[in-house]
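Two complexes follow with chain A in common, the first pairing it with chain B and the second with chain C.
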Partner chain A sequence: MANRTGTAQRPNGQTQGKICQFKLVLLGESAVGKSSLVLRFVKGQFHEYQESTIGAAFLTQTVCLDDTTVKFEIWDTAGQERYHSLAPMYYRGAQAAIVVYDITNQDTFGRAKTWVKELQRQASPNIVIALAGNKQDLANKRMVEFEEAHAYADEHGLLFMETSAKTAMNVNDIFLAIAKKLPKNEQAGAPGGGGQGRRLVDGDTGPKAAGNCCK
Partner chain B sequence: MATSTFSAVDEYGFERSLEFDFKYYERFMSEYIGILARRLKRWEDLSNSERKKKSGTLKRFVRKGIPISLRESAWMTISGAEELKRNSKYSFNTLRKRKTNSVIKEAIEMDIPRTFPDNIFFDKDSTLPEQLLGILIAFANSNTDIGYCQGMNYIAGLLLLVTKNAESSFWLLKTLVERILPQYYSKNMSGLITDLAVLDKLVQKNEPAVHRHIESIGLPWAVTTTKWFICIYAEVLPTETVLRIWDSIFYEGSKVIFRVALTLIKMHRNKILECKDMTELVKCFKEMGSHHGVINCHQFMKNVFRVPGSFPNKLLEDLRRQHNNSK
Partner chain C sequence: MNEEDLLKRSAEERDKIFKRYDRGREEGAEIDPWEDPTFEVYHATDRYGFIHDKRLPSKVDPQEAKKQQIELERVKKWRKMLKSWNSSVTKEKLHKRVFKGIPNSLRPQVWCLLLSLDKTKTENRGKYDEMLKLARKYSTDARQIDSDVNRQFREHLFYRERYGIKQQSLFKVLTAYAMYNSEVGYCQGMSGLAGVLLMYMDEEDAFWAMHILLTDPKFSMHGLYKEGFPKLTRFLAHHDRILTKFMPGLKKHFDKHGLDAILYSLKWFFVCFVERVPFSLCLRIWDIYLLIGERVITAMAFTILRLHKKSIMKLNDMDSIVHFIQVKLYKDFMYDDDSAVHALERALEDLKRAKLDHPGPPTKDEIPSRPFGVFIEPTVDQIIGHRAEKFTEKERETNTLVVLRREEAREALENDVQLSVGDSAGLTGSKFSFDPSMDDTSSLLEDCQHMGSKRSLADTSVTSTADLSVFSTITRSQAHENSLDTHSNVSDNSVGGASSVGSGIVTSSGAHKPLFSTHSTPRATPHNPSPDVLRIYVPYSPLDTPLVSPHNGDVKVPPNTFPDNKIRIRVDNDELLTPLVEHGQIRSFRIDSPEIDLK
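This part shows the complex of A and B:
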């Protein structure tokens, strides 16, 4: 919760902090908890029965890291396989992705791996990918071992955490870990990808700031 | 009726949003109740055959709204669902009881408690969730190419709330998915992808400034309008407005979806142009449902058939053909 300030730190009234904006997309099988993770992160809420997302939802949230404010533009997508054809529209130009699976369902882990493969092949080359094993509160029904997912994430250079949108475990942390890993001092994203990390002048949230990365 | 205008839920059991303008709604309803009574009288004066046979009069009657008490039977006849039901080899009950592919069954079961979780009639103790399951299972069994696509749950759910009849809801869903809407729910959602491109073209032609602005901000149409097509505005606009739209879709077909889309975009032209970034733009689209001009479903539907101008079927067919393989 402490990481939710919306403005950059400005000691002595000086513009010290920088604000960076990043596009983050959530992918994963239906009903693994993508929307619930976003709802927990953005509003601090949880609904046992979260409505299924049709198409995509868009939300924003900021986290503070030392002297940098990171603003996430979050694209939450529909999970059902057939909505796949729309997915490239959402991950195009994304600097970060959270691929979510449900630790109580082995199939969703398989699907997560497919998403990781697709992102590594088709999304921006420098995209930061995090793997989230959600529904950790249901660990007694676990079908995907922590070690297995951890080894897979290591092997593929992904951030990895088990999360619970229900208890809030690791939800802020995973976004924070992504924020830390995102390049804030150099060009982010693929050149010409149209979605580079943008440094915003204080108070400027307009699209004109696009392309000016944190320097 | 007068008390329901102050209720936190609408007559179909949906919670009204926190921003819901009760004052405006009350003003609108006091006028609309008179219209509803008049329309009911006019419909009752129609003979049985006049209610069934397509004609200029019936089309006009449908555009002005089908009375709530007659909606189920009118939808069944004007959409062709009644005919489909009559000519089908299998009954709803037979289809419902057939063995379903386990993957599809699981997907449907997962979505039942996630369909209108806040609607008071979809309470876990009511029979509606079970009936909804039956409709979606029967559909998946009757059409194995489509099976189940997320979004159909909302359509079937709203059909059920209106008709209170699982069997009619099933045939109406089947008619919508297979005959009225073009391949929105198929495995590759090709019809949806085509229609998103068609909408893009129509906006570009009708509202070039809005089109340029949305493009410059970089918002893909799919983000804000997928639900317009997939849920045919259910969960997007106020329920009574959605049902008025469905009245005409059942009679005139899917082009009404575009008429509504263009009307919404034209109504919000200035607001859209004022949006400075993605966040504001997405919010603007999200709030379209609380616009007074949308809550006033009677005036809204008048605009839907006037504002976008002439919209012949041929135009839509041509655009769909042009954009069929473009993506």
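This part shows the complex of A and C:
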């Protein structure tokens, strides 16, 4: 995948770090917490009564990894089956996907598997897929065992974490894990990597993810 | 689990959900603490029943008080009119009065009258209860409806308490209606529609009101919610036509940022502006909607963009445009309701004059084809909730249509550039853009980047944005590598696109290694907010400029403030100055005055 990469250069010629932009899509059954995960990641907020997503929502967030700034363009999709026909326009061309299920509902895990299958069949071949077992704060009502999901994820080469948008558990982590796994060097060797003073979004990349961004 | 177990589990789940709503909040109700919001009810509930975070001002705003006084006066007139609803006098006055706003206290009655609810209800006596019973036994939508009831209008007094009376009603109306109109069933969005109706009606009335909204040709929302959303695609296409005709600059701005109308306007069409404009204004639109039907949706969509065009044009990435349209305008529309409705009236007139007030008759597949209220036993897959492995033909069609819209937008953008630029290649390497109109933010410089960036269907599905960062830095840095012309940039685009035909699968192993970045993934935001484009404004005679007709309110004022024939350079956003590197030396790039005149 040709992601956008560039080397931001400081006037003194030192390399400041790359900036990569990735398109990420969230998929999963209705009411598993897709929008809540995004809201937590992007704004650090949580709403118990997050309005249902109709169609899709779009947000961006930037994280920093060592010398690389990763900007996620996040497509949060509607979960209801009726909206499935619109989903391909969001996951097409995506470099990453988070497939979300609700650990208190076995059916949503089944649906998550269907999404994974669809992505592996239809989306970009190099797509990085993460599986998120959300609502970990409701573990006392758990219906999907951690081990079961973990084994499934391993078998299919997915990143896996149990998350809680409510308590923020593993939310930044899962996005960071994806950022780490995404290829970031494809453009590095490109000829004529830009004139001097070429400046890509440097320092004005919008809100930072709490606690995981560059200083 | 085998099929039998799955069926049993689904039945149990459905039963459990229904029982919870039966029980409501009585003793024994299972309600998790998180399911009930904590609100300070007193002092923070507005006149429509919405509870706000903050205490409302104890003193009534004098303007608001005046409005309420006017409304009280209107109530008297309305009461009189209601006594002779079918008279010719009423017919004469109704239109004007509805546009002024139906007094909130009379909305329950007037809405029912506008929908001729009584007639439908009497004709179908007993049907609602019948559907409720069927739903309890067979509903396959209970879980989805349950999860949506749990998040619909929770900040409203009526829906605040989990399993409260209005939540019960909402659940029942939706599950019953999904049985009654099995072709639509339940589609997310319908909870908003029913939710508003239930604020002004009782359960059974809301059920029939919903049915009228879906099936009466005046509203025909059936086609919106049914599989494949055929009406939505028709209305979106019409919306684009309107933009192209009345606000081509804005349309181009959207296209440039890869912003398809489906992204920002879905709720306008689906729930008639609920949660997209302030509730008081939303009600005013609903009043008019119930009177004149779907034309108001088209006109209001146009009005919103027309009123806020300037603000939107200033936003230069998809993220902030969508946020502005969806979130900001919901919190604060920036025009009072009367002004907004006034603008809406004007829009209705303008559209009518341009013969664009209505997208034309519905297509065949938008019209209900199944009889209502006839029970069809759900399939096993429906009961268990299995996802279909493949798209139905209709769904595939929708998908293609939506993707095509993007393609068309892009082509239009390209054609536009070709037409207006002519030999743009000569300009692309230039440091400056020639922008004949200060109003139109789509300068040639930005347009040029789209030259030749004709992408594949697969690639254009979502978004793409001019890669301004490359340009602006070149123009600003005045570096010697100015040979990095757009041409290479352009061909990158096309390569990225061409290799992804059909599948959206792109590998970077293409023969052509891009110089900066290929956009095999459509970009949603520009990487740089184009902070520092240098533009030369060449003044021209206003007479040479075709003006958009003034009556549509979209008048372009030529920059005729330039008295002479000077060339003017302007540096935008000078607060974003960056140091420049030239011959390895740092040089501060600064123009003291934002505009320099070249004699």
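Following the convention adopted for this analysis, the second predicted complex is superposed on the first by the 171 of 215 C-alpha atoms of A that agree within 3 Å, B and C clash if a C-alpha of one lies under 4 Å from a C-alpha of the other, contacts with A are read in each partner's own complex, and residues count from 1 in each chain.
We take it that contacts are C-beta pairs under 8 Å (C-beta built on N, C-alpha and C of every residue); 3 or more make two chains touch, one makes a residue touch a chain.
Quantities reported herein were computed from a predicted structural model and do not represent experimental measurements.
S.K.: Classify the contacts of A:Ala31 with the two partner chains as first (chain B alone), second (chain C alone), both, or neither.
M.R.: Both: A:Ala31 reaches chain B and chain C.
S.K.: Between chain B and chain C, which one contacts more residues of chain A in the superposed model?
M.R.: C
S.K.: Which partner does A:Gln50 contact after superposing on A: first (chain B), second (chain C), both, neither?
M.R.: After superposing on A, A:Gln50 lies in contact with both chain B and chain C.
S.K.: In the superposed arrangement, which partner chain does A:Met89 touch: chain B (first), chain C (second), both, or neither?
M.R.: In the superposition, A:Met89 touches chain B and chain C alike.
S.K.: Taking the superposition as given, does A:Phe58 touch the first partner, chain B, the second, chain C, both, or neither?
M.R.: Both partners.
S.K.: A:Ala78 in the overlay: touching chain B, chain C, both, or neither? Say first, second, both or neither.
M.R.: both
S.K.: Could you tell me which stretches of chain A are touched by chain B in one complex and by chain C in the other?
M.R.: Residues 30-31, 49-52, 54-56, 58, 60, 73, 75, 78, 80, 82-83, 85-86, 89-90, 194-195, which sit in both footprints.
S.K.: Can you name the residues of chain C that touch chain A in the complex?
M.R.: 34-35, 37, 144, 147-148, 150-152, 154-155, 187-189, 191, 225, 227-229, 262-263, 266-267, 270-271, 275, 317-319, 322, 385, 387-389, 391, 394-396, 398-399, 402-403, 406, 458-459, 461-462, 469-470, 473-474, 476-477, 479-482, 484, 496, 500, 503-508, 513-525, 527-529, 576, 578-582, 584, 586
S.K.: Which residues of chain B touch chain A in the complex?
M.R.: Those residues of chain B that touch chain A are 107, 110-111, 113-117, 149-151, 153-154, 185-189, 193, 216-218, 220, 222-227, 230-231, 235, 276-279, 282.
S.K.: Within the complex, which stretch of chain A touches chain C?
M.R.: 1-6, 9, 11-13, 19, 21-23, 30-31, 48-52, 54-60, 71, 73, 75, 78, 80-86, 88-90, 92-95, 107, 111, 114, 122-126, 166, 186-187, 190-192, 194-201, 204
S.K.: State the interface residues of chain A toward chain B in the complex, per the touch definition above.
M.R.: Touching chain B: residues 30-31, 47, 49-52, 54-56, 58, 60, 73, 75, 78, 80, 82-83, 85-86, 89-90, 194-195, 205-207 of chain A.
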